[in-house]
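Mind having a look at this structure? Questions to follow.
Chain naming follows the written order as A, B, C and D, and within any one chain the residues start at number 1.
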């Protein structure tokens, strides 16, 4: 018997933990699906509320629905805290903070009377909670490989973006001098903004050069942007190719599939336990 | 002798099937070319009819031409049904439905008197029929490899696009708060639309940030878009490279060329028979 | 001694051929440099002539300069014909036609009195002549590899572009129905134009959706464009990677460098002779 | 003892050299950090000064701050000259010239009374100094690999960009003829500018085709741009993949990490000395 220095929790807390944090049992899966629906519904609500025609007409219905969602999230938040042995581990984890921010906006409007609108941005952060639910599904295999490729090419892309920034500042200053305020290049920061719009091939056209010299410089910037867009793409591609190869998938086995155990230790919040493991590999607590 | 539980069809139906569904015989090829011309002609007709200057002037000619095409497609549709043993297999197949939708619009105008215009979209679906004709040519070798690369990288691209959507919703909400209705960011859905326009580097410029803070946020969104456009490209590239290698083309032989047998079983609609096969590999019906 | 059935040409024709068609001798190089300068000068002239402020003010000077260039090109064209044994081989080659089109515009203005402007496009074709000069330099090593990668991935890109076209036509029809003429979607061809502008992430913004439904469809088109831009890139990248590997460059040797012999057979216009070859590998004519 | 033909410099010059040119000692690191802050502060100053609302209100403060920065840079510039044995090597090096240009603008305003504004571009060049500071950190490992990939694919990209230019000139002339001055295609150079805006998928929309023929040509240009954007990306990707492989990183060792010795010879300005080297590998001067 493992010498766990933590007392086993009561059966209902153990059950609750399984439902809320894991997706192995039918009730755990059901909870995830309901939560997913509520989150998406709450985000759609934020979007629709901002549409002037709808927001003013159905303002009461929107606030009512927001209250229901807030109460749902409040209950869920407390259940999460109750069902875990070391609540602080959860509260100060990334998703713990997201959960708190998802719950709190409506309560804050009592403190900040006019701030209902300003809390929209906070409410749209609820969408991030979707990632947790995706995390505990098999879907994660793909995302994992993807994020690895991004992570390993991130430093290169950062060096590259820094170079883009330097080009933008120098070319932006030049464009400001060449074009001047009449064409919309009212200051160097605005010129830099235009330069990035152009280098990234977005090209809004709200500001556009009108003098021959300015158009010539713009041409150079665009061709530079065209040439250098290749660099980050090439990097990610190369990283990804290397990554795919180094995995060396066994033939006849789908390399994208990776069994993910959704068990989470109730005591220390540790993840990625082995299949059939009876005790947490970090704190020895029985799963 | 194979024990086929289906009676052999009469000679003319066998012949008809060969002409309509296959491209091995001269008459089969001729049929495909004529069909291709009629399809492209019918789509061009839809395009030209929508041009105000032409649509009103030659409205009678357009309707007359549409009648001819509809009759042609109607006859072809019935021939396809007649010449096959199990018509339901064809009728509810992807191309069976497309063929039906290509034929039916003009008849529907009797039921929906004002709906001639609304059926334009349905009529433009005729273009999809072109793919069937291409399918039975050697051209398909390329498309096949292409679609394999796309299919194998689709889950990764979907995960990626989901991340793009989440970024768009969060950044769109921020832009809505920062810029407000005066700059065109009238609601969060519109802001998200703008965000996707920017992230994908399309940049219409119908909506553009005007406040310094908004332009700063826009810069971040654009640089993010610039950085992450690399990811799907890298994925497809890596998949494709891996795919090309795993095929291991025999030297001196064009790996892009792949013999495609255009035979289609008259009984069960099965495809991809071996060269020289006398009986369908799925139902034992003699080819 | 090779049994060449062609009489050796006189010394001055041999010399002339070397100067005009080859770049091995100092005079041959000088000729190329002069020609390059005249071509670029003539194209710059076309550009400047079209600028309203310059074109009307210096119209006489422009016509005078054009006459000098035309005379220069005329002399060069006849020298090229004289110095080769089988002039028809040159005249109907790609560059022979380009050379002819470069020379002829000004003469045509006598036949087409008002056509001076319409011949601008023909005059700008002179730029294509630059490629011949580049061809006979070592610079070509790069371009050769590049064009090989493009050529081998062209069929795939064509299949892909065809799919893009089909998407554009179907989505263009939908946008025409959803947005209508008020937003600028005046006809299906214009909608298709907009669709391609959007799919290719160019995004002029001259036409932009204004209805929520139209903006939603636009979002889908953009995300599709974003996702599928990866495909041709991935293809070229994969082709190129494969190409680079199959060359297997010897270590310590720059694989990009390839000795290109600029000798051209005076008799049959054949190229790519071996170093030190004394007779043409195609017609046995002494070089 | 090495036979160095250079007299050892006095202790304080040796110390000064270590602080200014190297980053091994705490004081050397501190100096770099301070310099980095001053450079970034001076560039931000240039940006803010150009904002009309700020520039006019705080013009005195801006000039005062600029004086402080100029004096700081002046002192630093002279210390760099003093602490090195062969100052000309530094003065005419790339960074020596950048340092000089960073220092001199304010002094030049005495010579060019109205030139304060025109020197903005020169002042923004100060940003380039940041690269030197980055150069002497470990961050450089990434940038080095990146610049190698860019350098090796540069000739290919140049060939490619030349082709893009030729396409732009020919298509630009055509668009000028087809669209004419009413749609904004006022001259061939402007049409070429538009063509590059379109080919690079920037698409400002300040100029856009309005005639059906012009829109058709634009469609072709865009699809070409879409197809050929793949080429430089594929090239860089392939180069990078090859580069990554040829390095063959030892397993278990981060291949991106490369120890960079920041020692700089005080005598001959040579870099990249081996760890623990006591004498310069170029001039034998003791480090």
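As a working rule, contacts are C-beta pairs under 8 Å (C-beta built on N, C-alpha and C of every residue); 3 or more make two chains touch, one makes a residue touch a chain.
Small disclaimer: the values here were computed from a predicted structure and weren't measured.
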Longest centre-to-centre distance from chain B, chain (CA-based): D
Copy-to-copy rotation for chain A and chain D - C-alpha atoms, rounded to a multiple of 5°: 90
Taking shared residue numbers divided by all residue numbers at the interface, is the value for chain C and chain D over half (same) or under half (different)? different
Counting in whole Å, what is the centre-to-centre distance of chain C and chain D, each centre being its mean C-alpha position? 33
Could you tell me the distance, in whole angstrom, between the mean C-alpha positions of chain A and chain C? 47
What are the residues of chain C that contact at least two other chains? 189, 192, 201-205, 229, 233-235, 237-239, 241
What residues of chain A sit close enough to touch chain B in their complex? 43, 46-48, 50-52, 55, 117-118, 120-121, 124-125, 127-128, 130-131, 139, 142-143, 145-146, 149-150, 153, 157, 161, 164, 189-190, 192-193, 196-197, 199-206, 229, 232-241, 243-245, 256
In the complex formed with chain D, which residues of chain B make contact? 201-205, 233-234, 237
In the complex formed with chain D, which residues of chain A make contact? 155-156, 159-160, 166, 169-170, 173-174, 176-177, 181, 186-189, 192, 198, 201-205, 208, 212, 215-216, 218-219, 222-223, 225-227, 229-231, 233-235, 237-239, 241-242
